[in-house]
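Shared chain: subunit A. Partners: subunit B in the first complex, subunit C in the second.
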Partner chain A sequence: MNSKRQNKIAIGALYGIAGLVVLILLALLGYILASGVPQLSWHFLTAPAKAFLKGGGVGVQLFNSFYLLILAMAISFPIALGAAIYLYEYARDNWVTTTIRTAIEILSSLPSVVVGLFGFLFFVVKLRLGFSILSGAFALTFFNLPLLTRSIEDSLRTINLEQREGGLALGLSRWETVTRVILPAAVPSILTGVILSAGRVFGEAAALIYTAGQSAPALNFADWNPFNISSPLNPMRPAETLAVHIWKINSEGIMPDAKAISSGSSAVLIIAILLFNFTARYVGKRLYKRLTSA
Partner chain B sequence: MSKEILTTQDLHLYYGEKEALKGINLNFDAKGITALIGPSGCGKSTYLRTLNRMNDLIPNVTITGTITFKGENLYAPNADTVEIRKEIGMVFQQPNPFPFSIYDNVIYGLRIAGEKDKEKLDAVVEKSLRQAAVWDEVKDHLHESALALSGGQQQRVCIARVLAVSPEIILLDEPTSALDPVSSSQIEATLLNLRHDYTIIIVTHNLQQASRIADRTAFFMNGELVEVDQTKNIFMNPAKKQTEDYISGRFG
Partner chain C sequence: MKTKTTQQLEQQLKRHSKAAKLEIWGRTVSLTALLLIVAVVVAIIGFVASKGIATFTSNHVNLWDFLTGKSWNPNITDANGKPEVGALPMIVGSFLITILSAIVATPFAIGTAVFMNEISPNKGAKILQPVTELLVGIPSVVYGFIGLSVVVPTTRAIFGGSGFGILSGTCVLFVMILPTVTSMSADALKSVPRYYREASLALGATQWQTIYKVVLRAATPGLMTAVVFGMARAFGEALAVQMVIGNAALMPNSLVSPSSTLTSVLTTGIGNTVMGSLQNNALWSLALVLLLMSLVFNLIIRLIGRKGRLQ
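Now for the complex of A and B:
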């Protein structure tokens, strides 16, 4: 077989594989959206769920998902940022950093149900936080921290050594170089990483089942005092998220329209995650453009 | 020539076990341009980077000997690298403007040092860009990204950025090797303008460049300083055979 022919076959095979991946994705998306989108309505997106009757919505779950996401990000982003800056900008390669990196790697490959069970034992039981948004947010932090640290570290890595030297050569301290030169330059890529990880957190169910709980008590959306139990902002209330809701309906849902609610919820989840992904790309590109040319 | 501003005595530098600089003794008078020449890997860039402690960034580097700047040892245990680098600025081979506007690039050092007076900053920007001979080309788009400029313009903005923190010494590490001939000659003209006000030390691979702009030239080989003299003498009448071989292209 001559090399030209070999090349053609290889390219053909690669196209085939790539096409297959896209096809599977499209089929999945198509199925979920086709069966879910007809269920969507304003009522579905805002009404509370019903346990036995038909006509329930996912308003509370949707709110819970976003609230939990914001809390989890608020906790994990500063820690991940600090860890990444330390690992990439300050730490030298020695056994300490090797240990940290290995730990991060193992943590990132931990099955999320294990993270959830750990969260249950530690936050829910030991620290007596109960099934609450706070427990869930901590569990999600465990789940999210290694991925976010990795992605921020990668973002820092994309900034050339010359930029660091340029900052230092101007008489900036190391810290000033990092905060005033490197971080601003890395913002587009960091932001992309954050939004993408937000998508993963948003769709996470297993880590939340035992921490944030599987019940969604009715909320009073007129009460924004975080100390009231029916306030949406109260971090100590149990909070079933959208992803957990899907899991629960499918395993033990007894409402007559369980199938429809499950399809609708799945569609909402997928649409939200797609939105995260597209926003990440768009915002990242825009920011990069703004920074690099006028 | 006026008195010595920077002196190096018996400077050794090791990358791990490997000795890259083998006892350099070299002094610089205030003002004027000194060119460091020599074949690749001879240690001239390494030497240049010891002068503002840029080698501190590289792990596993050991440095012995003394470098004295205005009477103070740069490698004293209590030496402040941040202060040193404000006095001894550096321009690199690859133009490395920050991904911000031209204006922000030039005032970055000052702004972080706490300068807020808008009028003063504006004045510094204009003065530095004029000194770097790039003002006329960029004055109408100061607030556009420096990355949109050509390589030569970027490099001159980088020079302006260093000038803005008013250093005494400017180190340049092959500043034109990534640029086209036209941009290179603009940079050379810029340096010739600056030589009366600053002490300039430039590493260059381009012998013509050294002969065109340098007052003094130092020839490095295999981690040693072979010869340093007035540029004219180095090129017309070198004292060492190695220097003559290198200058005339008979490299042995």
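Now for the complex of A and C:
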């Protein structure tokens, strides 16, 4: 076989592989949306779940997912921001820094179920927080921290060295340079990173089944006192999220319409993540234009 | 000798300015945040390890029996009065499913990455890249649900039996790690300098010869990292696998018989055991195995990175 012919065959095969992969991936997305979107309705998105009967919704789970997401982001963002600033702006290139980077990398590669089990052991059992939103938020924080730190550090890296030199030359301290010069310039890409990591946190389930729990007690949406047990804001109540709900009803299967509910929930998750993705792109571009007057 | 006024003056001059105070404050706060993350890592490893070795220290299970025993039944003691905590079925299940899904995913992922980078960068950037990026973000429970509603019935129709098992798990994990491995492979190919390709084409090599003999060779460390990364993800994946594998803690005797992995036993078991009991400790030992394996994957990635840099 001459090499020209070989070339043609190989390239044809590569076209085939790429086509097949696109087909698989599109079929996947198509299946989720086609089977899930017909289930969606106002009732489905707002009604509480029913354990043994048909026609339940995912209202409580949806609320829990967002509440947990916001809490987890509120805890993890300041920590990740501080860590990234220290790593990129202050840390010298020595063995301590290398060790710390290795530790962060290890944390990011830990299976999320291990992070969840640690959360169970430490927050639920040791600190006696029980299966609660708070335990779940901490577990999600651990899951989120390394990824967010890395993405913020990458954002800081994109800012030119001249900006730092400019700040220091004006007599600003390093910290002032970071807060007044570097961070404003890095806001668009930091925000993109935050939104993308929000998407990951939103769909996480393995870290939550033994921290935030697998039950969703009914909520009274008229009661906004965080100390009442039926208040949606109470951080000490068990809170099953949407992703955990999908897992739960599929592995226990006592709900007569488990499949329809899971299809609907999957579609909601995917649509939410698509929205996060598009917002990330749009906000990043828009803010960049706004802040740099480019 | 200093008078009182010069002392005051000295104090005034030596005192930190407002900006200097702010600087110290900022530095301390950001360092604290960083150390907090390190503390979290240490705490996770410490806690899981101390729980995981309790099976061997306080329940006196032989480590070798644990790793090679074939029957997992912590509630029952065997003829010698020892609890049956052989983790081999789960360890084999985890490795089998990881290796199989990596074997299936690698050619597809690298082929697609080559297509995106070398053959049709235009279509790659327009169609393939956004699609893969999007799929990296799909939650694993969704993959599990699709596995349950599409893959398992298909396997059942073709091979008979229940449809749950290693094969279904492999299919789900294949699709799940495909986007990750593809986008990392594409990054590896992107970092091959352009003049390598030009030199090869100038020597009269065809496009395929250039890809096969130059680009793929030069990108090998990066491609290996991508595959190992995918394997690490497959090994640690819990819920998607748990939903389709069948959850029978038996040695997998065929690819379509129900079996289990480390993660699937953990997710189903930990809530049904009492803290501190042998049954519970044995599960923590499985978690420890999982943790150690993830450290090993990390090490492999590092070694590949170091070797790749030297060349």
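Methods note: the second predicted complex is superposed on the first by the 270 of 294 C-alpha atoms of A that agree within 3 Å, B and C clash if a C-alpha of one lies under 4 Å from a C-alpha of the other, contacts with A are read in each partner's own complex, and residues count from 1 in each chain.
Just so it is clear, contacts are C-beta pairs under 8 Å (C-beta built on N, C-alpha and C of every residue); 3 or more make two chains touch, one makes a residue touch a chain.
Everything numeric in this text was worked out from a predicted model, so none of it was measured.
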So, A:176: does it touch subunit B (first), subunit C (second), both, or neither? both
Is subunit A touched at more residues by subunit B or by subunit C? C
So in the superposed three-chain picture, is A:106 touching just subunit B, just subunit C, both, or none of them (first/second/both/neither)? second
Which partner chains sit in contact with A:164 here, subunit B, subunit C, both or neither? Use first/second/both/neither. first
According to the stated criteria, A:282 is in contact with first (subunit B), second (subunit C), both, or neither; which is it? neither
Using the touch definition from the top, say if A:227 reaches subunit B (first), subunit C (second), both or neither. neither
Return first, second, both or neither, reflecting whether A:25 touches subunit B, subunit C, both chains, or no partner chain. second
Partner chain(s) touched by A:185 [first = subunit B, second = subunit C, both, neither]: first
Subunit A residues where the subunit B and subunit C footprints coincide 172-173, 176
Would you tell me which residues of subunit B are touching subunit A in their complex? 52, 54, 57, 59, 81-87, 89-92, 94, 96-101, 108-109, 112-113, 141, 143-145, 147-148, 158, 161-162, 165
Touching subunit A in the complex, subunit C uses residues 19-20, 22-23, 25-27, 29-34, 36-38, 40-45, 47-48, 51, 107-108, 111-112, 114-116, 119-120, 127-128, 131-135, 137-142, 144-146, 148-150, 175, 178-179, 182, 206-209, 211-212, 232, 235-239, 242-243, 263, 266-268, 270-271, 275, 284, 287, 290-291, 294-295, 297-298
Given the complex with subunit C, which residues does subunit A contribute to the contact? 3-4, 6-7, 10-11, 13-15, 17-18, 20-22, 24-26, 28-29, 31-32, 35, 78-83, 85-87, 89-91, 100, 103-107, 109-115, 117-118, 120-122, 125, 142, 145-146, 149, 172-176, 178-179, 196, 199-200, 202-206, 209-210, 214, 243-244, 246-247, 250-251, 259, 262-263, 266, 269-270, 273-274, 276-277
Which stretch or stretches of subunit A touch subunit B in the complex? 92-93, 160, 162-173, 176, 180-181, 184-185, 291-294
